[in-house]
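In the two assemblies presented below, subunit A is common to both, partnered first by subunit B and then by subunit C.
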Partner chain A sequence: MAEVEKKEEREVPYYETVLGASPEKLATVDYKPPAKPWMDVPPKFKKLDYLNPAKVKWMKVIDLPFPREWSPPDEDWKLPENWKEIFLNGMEDRLKRFRSFQLFMDICVRCGACADKCQFFIGGGDPKNMPVLRAELLRSIYRRYFTTSGKILGKIAGARELTVDVIKELFKYSFQCTECRRCSVFCPYGIDMAEITMIARELLLLLGMHVNWAIEPVGKSFLTGNHMGLLPHTIKDFMDEYRDELEKITGFKVDVPMNRKGAEILYIVPSGDFFDERGVILTIATLLYFYHIGLDYTWSTYTSEGGNFGLFTSHEMIKRLNAKMYAEAKRLKVKWILGGECGHMWRVINQYMGTVNGPADFLEEPVSPITGTKFENAKDTKMVHIAEFTADLIRHGKLKLDPSRNDHVIATYHDSCNPSRAMGLFEEPRYIIKNVCNNFYEMPESCIREKTFCCGGGAGLGTDEQLETLLRGNFPRSNATKHVHEKFGVNRLLCMCAIDRAVLSMGLSYWCPQVTVGGVHELLANALVIPGESPRTVDLRRQPLKRPITPGKIAGKEA
Partner chain B sequence: MPKWPYKGKEYDMDEDGFLQDWEAWEEGMAPELAKMEGVELDDRHWELIRYLRDYYIKYQIAPPIKMLVKEMAKAFGPEKGNTKYLYQLFPGGPAKQACKFAGLPKPTGCV
Partner chain C sequence: MNVKLENLLTQKRSTILKKWFDVVIETYPPETALFLRRQKDSIANPVGSTIFQGIEDLFGELLKGINYERVSTYLDNIIRVRAIQDFSPSQAISFLFLLKKVIREELKKEIRENDLSRELSELDSRIDNLALLSFDIYMKCREQIYELKGYEIRSMFKACQKAGLICDIQEGEFDLKEGQNIDKL
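For the complex of A and B:
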């Protein structure tokens, strides 16, 4: 009896208990703007609504200025004495260095096309989360100190004084932007909001202010090569465990090549794939997949991170953390690099790596060892996305697939922000999914492909420290998922990003707990028909299959 | 840095309720830390907390959920060895909440 009671008690989702608000209540958003003009509304910080500041220890590890203990709700943020001068000098310097920044400060015509496109505005209703107004927070300072009209006309020209409250406001809203770039898709000028947020964060960092969820991973990455701080022997211990798990499920005992010199391909994943529940399944799936195709590859315990939280910190930090990719490729003497289902890694690779740490002339233009396909798109970076690589194999009929092995899954696909908006990877994942799964349903057109919503946890926001903000930012994506769950019975949200795998799981546990989250290649590995396979009744998650697998048979018939 | 009072001494604890010095932790703290999150510890929690501490000493991180599941199955039988069961024990997520009670830092990054 006692056990039954206990179970009922836990039916209320955990986050609902913590937040004290039901999904119905949180989804009722008040879009009415405050009565006062926006410049007169000071920022407020309440619990579960902000990220914790960067800890002194991690600030020191990466030589960041003014490390100190402070907290957003505090009145005194212990700013350095000449904070105003530091901030404005930093801004002047960046206006000179980044033409994009200068341009984005100048060209907005406030047409409002972006206003209702941000998931934080949709889910939260705070007007300062309209991208146009988020940018205006910084633009108003730009006008006051860097334009003649602003210097003379002040408020009439949309300019305002730089005050401590402005700094606090910038901190609040720079960390309610996931740099996902959805708004930029709708901007007729193509203003890249992520770049504005990046600069705002850099300026805050000059004053010693950032969030720990970004700075600790950066520090750990600097010390160990990955955001989690996994040491080489730890990764080895994890991977041995996953190899054993794969053997228990499938009967295949595979090699886990680590730091192997002379391998053809270096394989890089987000470190979440070594640890996170869903990421680990993806790793197990990848081990099986690469074993099956006989890939000559290696994992690395030095380049043990695809992600780069430097992107959320500063341009200098992007370069510093990214450098290990080419350095390791050189050391191991591989021909080219294959990258896993990681999110912002691909933004760094496609938009920064080639120029900040390239050219990687010592690597070869990537060629699939199985199909001979030349990945000309990767000529510059020498790095191929695993979805491109797999889609090419399927296209050439190199994989024997039985999609009915995923019949227990009814899938939809979330275009992860960066693979979609930073590299245009729309077709490959869909092509793979349709080949490995019989039940696939798209979410509405307005929120997929380049218009995809962010999970709400990108750019260093993916922690429940700021649970309310996270769930609000996550609402649009979870809501669309709920829609296809109710309409088509969808029970799995597929995506290609480690932050997605973690944050969408958090969000859905609150908004639509019937749907689980996973990677695309998990389903691929489930569907592989492999010579010498054993009969089995579960998938790689140990979830029961609809129909037990009989070796060599596809959908129950002779292959 | 917020301070946490325990047995007449004060310990550094971050805003999220994690002890800052994992070596300052002692067993008596765990039930207190759990109480703050509305969790009452029993044998099953303790099995994992001790396993976490042992693992952390060697590897400087808590083991992933897969290993916790295995440990549970080993100690309490296969029917207890699944992720769902772990979430019942640690509703705030086994990775995070178990670390909190065990006085270990929470995992960071894309997790």
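For the complex of A and C:
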């Protein structure tokens, strides 16, 4: 019997459909992608555009289950034998433990209010990045295994079987959500998409699957206190270098208090401020600022990280990594904690720290040593945001400022997701900026304050590993920046988050390279009029000033 | 270009632009196309508005004669977006060829009745020239992506090098039994 020749099915490359075609024939080619129900579209992982899985060594350091070598484009993800059981048991456990999760699975009426609010959908156009559909990836499993209608009616009730492809899909889209919570602002029920993503990631983690960009920092933070794995003497070396740089620019030789017991305040920043070129400038600015106001404070080489990648990993990991803040505050016997320009640190502090590691009864209710203002909002956590602290100083006239020293900067402000949506910090940064800079222009109302776009790199996505996805998620914010650049000549995008500083710089270099990124307190330090200052012609990032600084003069006139 | 075809294109400018926009938008999945077409705000819908503005500008250039500096900017605006979306290179710049399709459909009768095939092929050549330019722009965007990747890797490497004593562990160094390092997750 003749062998039946197997025809190899292959996807016809697009160019073959148009190759050699006359313009008339070209006009007949159908460019429309085939319309398929979302459940029938399997996930694909494009080369050089996915996050690498967590490395075995880092999984082992923090005792995560099923560490193994695998890669998203692989057919076989080497799932544990009873993966389905583990996943469903994990889901059942979380439905019982988190009332919010149960509610978020049940109450969505698919009104679509969130559909066009996610940066990744807006910039990329993948329908599975509509928050409603991204949640549906998990909801369909919930219906199939945890609701009667789903068990009986299956697909008709929006339920589906848990398969390996579903796991792959969950992995792909859980890591295309930055947990920024923009969609939640528009949800009439207040469904928190970030919480759904967090649970989906926890479930994947039960099967030994997470991304290295989150797990390695968690492991390093567990070992050294910061995501980069910087050791105490390295941090000390860095700080000495920044102190010297500050002296070269301004002539001021400042003290850098490190691990100083008995200081009034412990100052915590994201570790990017120690090593990342985009954060270091903020550290230099802060050194000058605290020196000027004579703050009794200390940096710590152990709590050398404000960020907490545990937030992107699991609830338990949030608690573990956050615990060092209070432990170090206790060890150094400080009165309260001041926090720097960090992003998700503030979500952890405002929404988790008080309950997971509090109450911090050994600390005092924060009071500004300069104005006497009580920060009642920080009564529970004992931790104050530097923007609140600075705005209070300006309000009480405690800082002599010359905004014309920032006249080379035309600024706009990006509300970093977590300080804005997780703590409502809208006015303080704007108040500071308006006092230290003469040229400030807001982006359109629909993308600032609580409606702010995400940078596209939060929640463990801020890496070049998945650069195209990142650029898609970043497009809405960069586009709005380009808008104010073209309209008002904006050349600096201010923000208050280390991930923002890195990711917005990356995004803008592609979308609008004329605009640079920086922190709010960098401009504050530029504008400070300090007794005993030397004449200079550059700002703290060594950019030429419009008008040289003459000691004792404000905007060129006698102070 | 012959006055006749130019007049027709000018007269039907808004219809052609609308149809061109529609077919470009249809290269996205249906749910996405709906959003890209409906939302008019350029901040809420940067992709849709960039494409619309871009094709409007390009159409103007095709009519009044191509200024390569200007047209490069217009092409760049659209291609920069499509270069990072999940399109193959040919799909990313296919939007230009779609204009041929739209014009043929829209002016079918007029082209036949007035024997405008010569003028039409002249217009085709202009569109083809834009397509050639688009290859360069697409490649420039892609090169920029890889440069950016390279830059990020170099920066991270530099930071690590600067730190000197960054904590790193060797394979096997922490091979403890489950639960021995920290409590079970």
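One rule holds for everything that comes next: the second predicted complex is superposed on the first by the 525 of 559 C-alpha atoms of A that agree within 3 Å, B and C clash if a C-alpha of one lies under 4 Å from a C-alpha of the other, contacts with A are read in each partner's own complex, and residues count from 1 in each chain.
Quick note on the criterion: a residue touches a chain if its C-beta (ideal position, glycine included) is under 8 Å from a C-beta of that chain, and two chains touch if they have at least 3 such contacts.
Because the structure is a prediction, the values reported are computed rather than measured.
*Asks:* Since both structures carry subunit A, what do subunit B and subunit C do when superposed there: clash or fit?
*Replies:* When both complexes are placed onto subunit A, subunit B and subunit C end up clashing with one another.
*Asks:* Examine A:245 and indicate which partner it touches, taking first as subunit B and second as subunit C; both and neither are also allowed.
*Replies:* After superposition on chain A, A:245 lies in contact with subunit B alone.
*Asks:* Classify the contacts of A:222 with the two partner chains as first (subunit B alone), second (subunit C alone), both, or neither.
*Replies:* So A:222 only meets subunit C here.
*Asks:* Which partner does A:275 contact after superposing on A: first (subunit B), second (subunit C), both, neither?
*Replies:* A:275 contacts both subunit B and subunit C.
*Asks:* Touch check for A:551: first (subunit B), second (subunit C), both, or neither?
*Replies:* neither
*Asks:* Taking the superposition on A as described, I'd like to know which of subunit B and subunit C A:230 touches: first, second, both or neither.
*Replies:* In the superposed model, A:230 contacts both subunit B and subunit C.
*Asks:* With both complexes superposed on chain A, which partner does A:320 reach: first (subunit B), second (subunit C), both or neither?
*Replies:* In the superposition, A:320 contacts subunit C only.
*Asks:* For A:479, using the defined touch cut-off, is the partner it touches subunit B, subunit C, both, or neither? Pick first, second, both or neither.
*Replies:* A:479 sits against subunit C, while subunit B stays out of touch.
*Asks:* Touching A:115 in the superposition: subunit B (first), subunit C (second), both, neither?
*Replies:* A:115 sits against subunit C, while subunit B stays out of touch.
*Asks:* Determine, for the superposed model, which of the two partners subunit B and subunit C contacts more residues of subunit A.
*Replies:* In the superposed model, C touches more residues of subunit A.
*Asks:* According to the stated criteria, A:130 is in contact with first (subunit B), second (subunit C), both, or neither; which is it?
*Replies:* second
*Asks:* So which positions on subunit A get touched by both subunit B and subunit C?
*Replies:* 14, 18, 220, 228-231, 233-234, 237-238, 275-277, 464
*Asks:* Which bits of subunit A are touching subunit B when the two form their complex?
*Replies:* Its residues touching subunit B are 7, 10, 14, 17-18, 52, 55, 69, 71, 212-213, 216-217, 220, 226-231, 233-234, 237-238, 241-242, 245, 270-272, 274-277, 279-280, 305, 307, 309, 342-343, 462, 464-465, 497-499, 501-502, 542.
*Asks:* Where on subunit C does subunit A make contact in their complex?
*Replies:* The contact residues of subunit C facing subunit A are 23, 26-32, 35-36, 39, 41-47, 50, 80-81, 84-86, 88, 90-91, 94, 97-98, 100-101, 104-105, 121, 124, 141, 144-145, 148-149, 151-153, 155, 159, 162-171, 173-176, 178-185.
*Asks:* Quick check on the complex: what are the subunit B residues that touch subunit A?
*Replies:* 1, 14-16, 38, 59-61, 64-67, 70, 82-83, 88, 91-93, 95-96, 107-111
*Asks:* If you look only at subunit A, which of its residues touch subunit C in the complex?
*Replies:* Result: residues 13-15, 18, 23-24, 26-29, 31-33, 35, 46, 48, 56-57, 60-65, 115-116, 121-127, 130, 205, 220, 222-224, 228-231, 233-234, 237-238, 275-277, 314, 316-317, 320, 443-444, 446-447, 463-464, 467-468, 471-472, 475-476, 479-480, 483, 506, 509-511 of subunit A touch subunit C.
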